[in-house]
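Have a look at the structure below, then the notes.
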Amino acid sequence: MNKNNKILLGTDTVSGIHPKILSAIALASKEKTLPYGNDIFTIECKKNISKIFEKEDIEILPMMSGTASNSLALSSFLRSYGSVLCHIESHINKDEGGAPEFFSCGGKLLTISNSSGRINAEDLNKKIQEVNFKGKQYSQISGISITQLAENGTAYSQKEIKDISNICKKNNLYLHMDGARFSNALVCQSPLSPAQMTWKVGVDCLSLGATKNGAMAAEVIIFFNKDLAIEAKKLVKQTGHVIAKTRFISSQLNAWFQDGLWLILAEKANNTAKYLSDRLSEFKEFKLVYPTQANEVFFKISNKTYEDMIKLNIISNLWGMENENKLIVRFVTSFETEIFEIDELIKRIKSFCSKN
Amino acid sequence: MNKNNKILLGTDTVSGIHPKILSAIALASKEKTLPYGNDIFTIECKKNISKIFEKEDIEILPMMSGTASNSLALSSFLRSYGSVLCHIESHINKDEGGAPEFFSCGGKLLTISNSSGRINAEDLNKKIQEVNFKGKQYSQISGISITQLAENGTAYSQKEIKDISNICKKNNLYLHMDGARFSNALVCQSPLSPAQMTWKVGVDCLSLGATKNGAMAAEVIIFFNKDLAIEAKKLVKQTGHVIAKTRFISSQLNAWFQDGLWLILAEKANNTAKYLSDRLSEFKEFKLVYPTQANEVFFKISNKTYEDMIKLNIISNLWGMENENKLIVRFVTSFETEIFEIDELIKRIKSFCSKN
Amino acid sequence: MNKNNKILLGTDTVSGIHPKILSAIALASKEKTLPYGNDIFTIECKKNISKIFEKEDIEILPMMSGTASNSLALSSFLRSYGSVLCHIESHINKDEGGAPEFFSCGGKLLTISNSSGRINAEDLNKKIQEVNFKGKQYSQISGISITQLAENGTAYSQKEIKDISNICKKNNLYLHMDGARFSNALVCQSPLSPAQMTWKVGVDCLSLGATKNGAMAAEVIIFFNKDLAIEAKKLVKQTGHVIAKTRFISSQLNAWFQDGLWLILAEKANNTAKYLSDRLSEFKEFKLVYPTQANEVFFKISNKTYEDMIKLNIISNLWGMENENKLIVRFVTSFETEIFEIDELIKRIKSFCSKN
Amino acid sequence: MNKNNKILLGTDTVSGIHPKILSAIALASKEKTLPYGNDIFTIECKKNISKIFEKEDIEILPMMSGTASNSLALSSFLRSYGSVLCHIESHINKDEGGAPEFFSCGGKLLTISNSSGRINAEDLNKKIQEVNFKGKQYSQISGISITQLAENGTAYSQKEIKDISNICKKNNLYLHMDGARFSNALVCQSPLSPAQMTWKVGVDCLSLGATKNGAMAAEVIIFFNKDLAIEAKKLVKQTGHVIAKTRFISSQLNAWFQDGLWLILAEKANNTAKYLSDRLSEFKEFKLVYPTQANEVFFKISNKTYEDMIKLNIISNLWGMENENKLIVRFVTSFETEIFEIDELIKRIKSFCSKN
């Protein structure tokens, strides 16, 4: 690797398409099929998901955008006069330009703030009590949304999800999971199965993302609770998210699931992140902020360190700013990130940082 | 007053119509006029408001609902992809069933939480920095909304409003004031003028309410910044808030402003509230929560005290619940509340409470 | 009547408030009651409507705006991805600034065009077949809306409504009736009962208007099909159409129904319209366009005649323009229109028109 | 070609990806680039479009869905209280599940009905006059949308577009072109240039589609009027139509434009359609409905003929139904349709149809 090359580690969406997925697209192109989801690739996709998630009775919606995948899933139970509970740092609240509110024509996200980055039973109960107290004048709660992997790179344990879904059951709420980095969260909790991390602990629908982990543009909403699919299927056309040649999403997903490719890629990214996390922690200028469980690594650094990295073409993501001299940066590895890139990164860091 | 009579003090909307306002409605009924705001009463109303607020260059929209008055005013600058900063306890956030979000097709309320019940410059700057940091993925901020009287019964000082509007100017934001109890806030800061409390310190539009203070159903959006009226005037019909016989709103407002009736009624309510606040504070079971500045009084009481009040037909508003034995109740006086009612209330309280 | 006085006959909303309704408002003001519909006047109102419409099992929503009354009623079954069939000339399509589309976040009005001014079974079947043919890509039909009195002043017969509701049943559609001038349509088909003209022939919900016929601002949505009320009750707050002192709408309606006042006033308006229709038809410059069944009268006149009327302070409503010299004007009488006004009008017309 | 093979000619979206476009995707995958449109492929795409359309001063939005491309383009000037004029048969009115209405939160499509399948100056002027006549109560017109190729397979001439844009200028309206089959319309009017068919005759924005003509999923909104892009760029994220790896749309478009590939493919499809049209017209069972100008061919046939075709695995699109025995079917050729397929089709038709 040339020492002047940019090392892009700000997000996993800088990655390309895995060769097996590209081949699948090419193969799907050879056949003429009916458009709008009435093709054999989409039928096969549903079967694959049924098998992997160990559930016959599901509905799926293949999508091309993560924002749409989350917003449509939420709209399956969120109406304009309702609200959804989520963490204040969640992607749906901070990074989708108000899409959940738009898809639901004015539905409200009620946010929960805490330092763990994951919502928990106690916070939820308090918020629910507060809303119920106000009664009808408040936007009534319809469901809860959690992000797996959470925004701070940590994973909800099965027990944590179970506790949240118990609150859902008690309060008649739906449970949505934003799974943009679901595969990364899954492999770091091995041998937990996809089913054990979702519907077996009460998740009603999952926005599963393949784009950050090998696909070109492939997301799929999986409705474990099929009732929810009815509304979503009516809205998906009206929001412009039915693409004509649906087979090209489904075939990406099929290749992604084939022979556990999705898990292999996620594991590689996680391992590289762990390597990056360990090596960078050796420098006293880098203070690890959250435990590195999957493919996201957060460090607290000084402004000067941040600028030095940029000078040396190391591109991280400026995540937060505690004060003018305390920044939080995020590194995200993908299936394409190689150990030699991290070694090169460490080599460059060494030129201006000192070991603990 | 009969000792079995209910004393309704939970809200000022239990009150009726002031006789002078009722007479004005009757008088307006005698003339045939064009509908939909093309009548002399509405023209006169605008003139009255111009005079009272010392500004020629305004636009007004007479309305019948406070929720609509706030939501339409906000929609004059809030689009679906935008957001408005407000206090977490504000009426627009907690008590309008998601109307601001609906009117703006998905606009977002970004809330600020603090114990004073009023947003301040420091909190605002922090939130604005946070949103700007995230950039385009976040719902960009379009404006700020403050409530005068604030939800906790305290009034923003002229200085506080000025500080907020300076932030607005600096960040290119609009400033809206929810004035459901504007008159109560105004008279408690005498000799501050309506102009001094609004456009002279940077308020762009005011949702002024007469309903809680003498009218049957009369609210008016006053656009000090006339540009904002363009959008609102287009939306008002589509949201169903143009009533056919507009003159019956305008004539209510005209009578309300006539000879300072609005201020006289507000002052009476404020004085009665002060009397209630002082008398109730004498009992050790009643701990005043916020300073009583206008017509709202908040006390912390035990669950037992609350139940005793209900038994004696004293109806307050259950405002909050610190824990199972620490309640916060709200008393609101109106132009119709008389001192003898408060005396009767105190008499009943005495039967189960003891003086400090 | 002074010969220079304006004769305002363009619409019935130029009228004021009937004295009995004004008295009812004054009376309701004397009592303190809970706001937001939790008052005895609203409970009584529901009972009155139950009795008059001979149906126990209903829900009602008192409103202040006709546009909102129609749009909320439609939103009880119209979702963003759905559509409603209506006449192209209907008020909901042409005169509410897009409110039905807004309330439903993008629901579609599919219009039927014909010269009768009323939709009929044949037109409906053709349109339904066309939409079903296109299938899922088209906005699926949720219901049908008819206007009684129709926009052209004619009334749907019971048979016509029955035929339409049969189509609804066959196609699983809801039937809404815009009854802004329901009372005028009812009395002209005497002895048809309110029940016979609505739910007994399949109407699911009725937007009943009192404003044009004696009230200040009073409309009520009557849900004969109670299931529909669930959605509407959730939306009514969010659209800003819950006014604080609901009793002042309910008390208007109560007085309006009392001793058949609503029918007496409608009959008077209808009779005056018939008199106007007969007298004006005597002039060869005035060609009656539609049969005068209730309180609306339509004439085809020349541009010159129209201008002559204006010069003599006769204000009608310019309804349509066949070409530059063929105008259609509408006269609408109200409960306040007196025979002597019509006589004065005829006197003025005589000054420039000649008898047949 | 095997005689049992299905011949899929109902739509051009049954086609796959052109090899050159697939290669471009593969090539773009080799580089790490920033997501969300901040990549060199998207910059290049804009340059390509500028060159081809001979206009520097444009904005573009690469999209993956034709429905979204149309709806976002319309939303750049259509607000909830506005309306857009279009043909009743247009895709935006009949085939997008209400997406334009949803994107604009309730904007209205005002439809024009005629037998030519294309709107014209006379129809437009009549409709505009009608809406203006009604005034503010009607949803005011913001723009006009035309489809090139029109839904019935015919192309607007440059003169026809010019006439429409003159009406736009006169009435202060925007002009949108749905160009899902723009390339097919362009080559059939050779040597008309892209610029001559769009902005040079007053088109403000074009929804240009590549998906039906060689791409996997690639559409692009071209704003010749850059002001319109401001609003659209704010809405695109909120509607979920910013995909993470934008480069994979841009690179498709780049390959599509490269060396005139888009025109070569369109011309091939058009020629094949002409061949199909000519050959099928020889049978007396097939009556051509519209002139075959591009790649769509419409025939009127009997129910029996339609069923016979299905039996022989000829799949056309059932377009309309005049009566139970008069059907209209559509054949659409794509860049992948080969003459030998048409020959095979004709062979099968011969088995049950007779020549003129």
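Just so it is clear, A, B, C and D label the chains in written order, and each chain counts residues from 1 on its own.
Just so we're on the same page, a contact is a pair of C-beta atoms (placed from the backbone, for glycine too) under 8 Å apart; a residue touches a chain by one contact, two chains touch by 3 or more.
In this text the structure is predicted, and so the values were computed from the model without any measurement.
*Asks:* Can you list every chain in contact with both chain C and chain D?
*Replies:* In this structure, the chains that contact chain D and also chain C are A, B.
*Asks:* Could you let me know which interface, B-C or A-B, is made of more C-beta pairs in contact?
*Replies:* Result of the comparison of A-B and B-C: B-C.
*Asks:* Please indicate which chain is farthest from chain C, where distance is taken between mean Cα coordinates of the chains.
*Replies:* Checked the centroid distances; the maximum from chain C is A.
*Asks:* Measuring centre to centre with CA averages, how many angstrom lie between chain A and chain C?
*Replies:* Roughly 52 Å separates the two chain centres.
*Asks:* On a C-alpha centroid basis, what's the spacing between chain A and chain B, in Å?
*Replies:* 42
*Asks:* With chain centres defined as C-alpha means, what is the inter-centre distance between chain B and chain C in Å?
*Replies:* 35
*Asks:* Residue numbers in chain C touching 2 or more other chains?
*Replies:* Touching at least two other chains: 80-81, 96-98, 102-103, 105-106, 136-137, 237-238.
*Asks:* Note which residues of chain A are touching chain B in the complex, please.
*Replies:* Contact set of chain A toward chain B: 80-83, 94-98, 101-109, 129, 133-134, 136-139, 320-321.
*Asks:* Looking at the complex, which residues from chain D come into contact with chain A?
*Replies:* 6, 8, 11, 13-17, 22, 25-26, 28-36, 64-69, 71-72, 96-99, 102-103, 105, 211-212, 216-217, 237-245, 248, 336
*Asks:* In the complex formed with chain B, which residues of chain D make contact?
*Replies:* The contact residues of chain D facing chain B are 79-81, 105-106, 136-137, 234-235, 237-238.
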